[in-house]
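Should a chain be cited, it is by its letter among A, B, C and D, assigned in written order, with residues numbered from 1 in that chain.
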Amino acid sequence: MGDEKWTDAVGFSMDHSYRLVISCPDRVGIVAGVSRYIAESGGWLSEASYHSDRETGWFYMRNEILADSLDISLEEFRGGFADLAAQYGMQWQLRDSAERRRLVLLASKASHCLADILHRWHSGELPCEISGVISNHEQLRGMVEWHGIPYHRVEMDVTDKSAAFAQIDRIIDSCGGEVIVLARFMQIIPEQMCQRYYGKMLNIHHSFLPSFVGARPYQRAYERGVKLIGATCHYVTEVLDQGPILEQDVVRVSHRHSVDDMIRLGRDVEQKVLARGLRAHLEDRVMVHGNKTIVFD
Amino acid sequence: MGDEKWTDAVGFSMDHSYRLVISCPDRVGIVAGVSRYIAESGGWLSEASYHSDRETGWFYMRNEILADSLDISLEEFRGGFADLAAQYGMQWQLRDSAERRRLVLLASKASHCLADILHRWHSGELPCEISGVISNHEQLRGMVEWHGIPYHRVEMDVTDKSAAFAQIDRIIDSCGGEVIVLARFMQIIPEQMCQRYYGKMLNIHHSFLPSFVGARPYQRAYERGVKLIGATCHYVTEVLDQGPILEQDVVRVSHRHSVDDMIRLGRDVEQKVLARGLRAHLEDRVMVHGNKTIVFD
Amino acid sequence: MGDEKWTDAVGFSMDHSYRLVISCPDRVGIVAGVSRYIAESGGWLSEASYHSDRETGWFYMRNEILADSLDISLEEFRGGFADLAAQYGMQWQLRDSAERRRLVLLASKASHCLADILHRWHSGELPCEISGVISNHEQLRGMVEWHGIPYHRVEMDVTDKSAAFAQIDRIIDSCGGEVIVLARFMQIIPEQMCQRYYGKMLNIHHSFLPSFVGARPYQRAYERGVKLIGATCHYVTEVLDQGPILEQDVVRVSHRHSVDDMIRLGRDVEQKVLARGLRAHLEDRVMVHGNKTIVFD
Amino acid sequence: MGDEKWTDAVGFSMDHSYRLVISCPDRVGIVAGVSRYIAESGGWLSEASYHSDRETGWFYMRNEILADSLDISLEEFRGGFADLAAQYGMQWQLRDSAERRRLVLLASKASHCLADILHRWHSGELPCEISGVISNHEQLRGMVEWHGIPYHRVEMDVTDKSAAFAQIDRIIDSCGGEVIVLARFMQIIPEQMCQRYYGKMLNIHHSFLPSFVGARPYQRAYERGVKLIGATCHYVTEVLDQGPILEQDVVRVSHRHSVDDMIRLGRDVEQKVLARGLRAHLEDRVMVHGNKTIVFD
């Protein structure tokens, strides 16, 4: 089985695909209906994932269809699928992998998460554009501008941050920001901004949530004497550090580690967790399900 | 999305399912064809996984169908599916989750893997029967018999092991062994027995393969000064420690660890890796693909 | 360097040692004083570990001395050391590795942690005696008694558990229990018992503390949608799940895992974490430092 | 114990220390002799680690002494210690943490390891100077020069690389290179250069050694069907990928991962493993012991 090598078996480009992401009440026949529609359009599946949530009776599906394989245009495919979707009560989206979304990053003084994302983007690993970086400090300007990305400094009046956030909102608009990443931004996002970017704004929190919600998690981890520290990538919601989690990881620590050591070791985990969460988001692998996520990896 | 809780959404038992596992040359329409057949039989998918191997142009699929949901009998379902399968040139199997396969374990003196599997089976975690344990030593008899499992001692003539292996073969037959697990058996399996149980005989090797193929891997890991040691669960083939890998894991070691420490730490990894590999096998999650595996977890 | 192999270099048995564990206010000369005393007694160090806590100005030390190497008896060594210890204001203990402490295990119905500890003990991996198992259920009797260990059933009156705990206390006494392990005992230990066995009673909690203190941690982990679940081995104190942590670990989960899957996967982590914590405790590697631990591994 | 908080307990700066690293034949009294000498000089130990290698009868020791605490100058301390060292037949070195060694990096086209090291250095995490980057390609010049570091392009004649390596040698000399890091340099280092920088030249190999020595390890990992891929940081010796290992780590892969995915996932492991190995080296935590390392972390 599989011994006959069909080099270049498929004949279609693997680099260009359409991602069809669906959720609806579960019932018999959804996979059959969707996959028949795809097949009748000539669609070659390079990847397909399903999840049937037993508790809520809800169904989730992600199909990756090779773009070249379709007999019809993307718009025709979309139009035809809308009828099927209506029939099953589906929420759905169809995205062209060639469309690179515009990312806006918010940062403060800490450079590690920002530097990591910029490097991944620069070396072609992250499928997005980066249309701007916003910060309440100057420190990171040089690094950002070297990458050819506009750097926006926003002054924060600590007694009233509303003007600063209004300005941030305008900058995001002017950048055409479709995905917002808080790369250790260290400011609490106003409620209305959380709502506006619901499911599109990712944060990296420097603890293994739900442990150490809020400020100074490494200090508190040190005081509690935990043997692992971690980081969490989650969507931002109105309730601090309570949004749907995309990704988490940990690293081992011991009595030998000071708070400063934890901060240093934690940086590596934060980078990795944010990069993984962001990549999954950009590849349309994440579906929000109440306060949880389905991540089709 | 998903906020309306449909408690007991499905209405069918989640505990009884049919597992349909398929491989065939990849082409447009396979998922559509298979899922339509399932849907037309009333089949409710509790799980579905696909893999399209780009290099070989081969397609792999595993469907878990809730048994209660089918309108027709398993045999009718099987019969109908055979037609479809022929059309697509499929290799396939359909298994009832209620059918518990008969496991035969081969062991030597080391108890840890055997004890772990027996405990998991005893506490209902492993979906199989254990119809016998075969060993070339007496040490483990008490533990095995306490679990109500027959213990077969086979004397090994070190100058000619063929009689012993012929006896082992007969015992496996008399036990009706369908899955064979080498739980640190420490003997090289004769070629013909490897062939007979191809894809049904699992071994746990005490290194991270392909490092340290063969004897005394911990000693050699110690001598090489590696910083991680590992274990590998693989199907047994004629070439020692070269069969398709189901599962691997590692544990960190340092200069402080002697060979004995590595042996001790390694036992925990061996247990875990074997248990995971075996569980995947028993749940029909593993498909062999040349000398590699697809594991639908 | 190190090329000349001195096989059996030491000439003393590595299997028998004295463990000298010390804590005191940090100052210059402690290591010099202690190591001079050991050297003058002929003591060959097979292991030595130090920790200087910067925040509290406290010093921690563990020396493992090969028993055969000492020129004087253990009691003479102890006597001489007492003078030095007084001079530095040391808290200290000196233990013979040949003295195997008596362990008493408390369990409920879940067998996995108990089975794991019994197996490790049975195969000689755990340096202790097991003098009894106490449970409020009957289920585990067979397994325990097969190992030749007395099983004590204690009835729990759910409206008033004080009689049960008084009985448990008496059984521990009659067993000569020196180390108490709550192997998924699932009962809150009375305050006075916590105090009595302070630093000698280990619990395994089935979450990554401080996440999910208290009941049903897997259910809550499932509801929060975390991507890792964990377990924590800690000393029992009066405040539930807040005692000094000896060891923690995690395992990755995803949206595919139900609460039952988490319970199953979590069992393996619980076993491993408890075994590691217990082993460290029995080897006198753990020192309590406020609400934290120093673990000299 | 430890409840009395001695904030700023020590009174000496924790940021400046002397690292005394020793190896010698093991015997009774080494720790006593060394620690007495340190104490008599007023030396406050912030860290101390020992290893007694049972197999070779060799002893390894690392002491970190707070610089401010010494009553005498570093040179006086060094002079006095030389006498003691001679007495015990010690190989030793004493290094001031304030002395930042000069690092020279060799790279090819892949940017990830270089970018990671440059960022760590730039943000003050790596205790060294970077005095130059040498590459046989132009690609990384911009990134390096933005950091204010000289970039040296060396043309490689593939038919005879000796001229290129002679030039590399001269550049290292002119940079005063004390530590050489092959950050995915992808060229085999000539024997004489291996010898010249023995114990000072670190490589990152993109596999879990000893698996997949040599070229194209991800391709071979893919073909073997391993379930984990890894990276190894080791000292370079004349025998390819066989030098003493400082650090290793792995990441999980599955049948879903192509070679390109493995290359991408592997990059993160390579970065992390190289950074950890390099940091340990720069903090004088690594001692070479035959073909193995002692890493005092």
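Keep this in mind: a residue touches a chain if its C-beta (ideal position, glycine included) is under 8 Å from a C-beta of that chain, and two chains touch if they have at least 3 such contacts.
This one's a predicted model, so the numbers in the text were calculated from it and none came from an experiment.
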item	value
Same or different contact residues where subunit C meets its copy subunit A, judged by the half mark	same
Which of A-D and A-B has more C-beta pairs touching across its chains	A-B
Chain whose average C-alpha position is farthest from subunit C's own	A
Rounded Å distance, subunit A centre to subunit C centre (Cα mean)	41
Computed distance of Cα centres, subunit B from subunit A, in Å	35
Sequence positions of subunit B contacting 2 or more other chains	53-54, 256, 289, 297
Chain contact topology (line, ring, star, complete or other)	complete
Touch list for subunit A against partner subunit C, complex	51, 53-54, 208-212, 224-228, 230, 244-250, 254-256, 258, 289, 291-295, 297
Subunit B contact footprint on subunit C (complex, rising order)	47, 111-112, 115-116, 119, 122-123, 125, 142, 146, 256, 264, 268, 272, 275, 297
Sites on subunit D touched by subunit C in the complex	1-7, 9-10, 14, 23, 25-26, 28-29, 31-33, 35-36, 38-40, 42-50, 52-58, 69, 91, 288-290
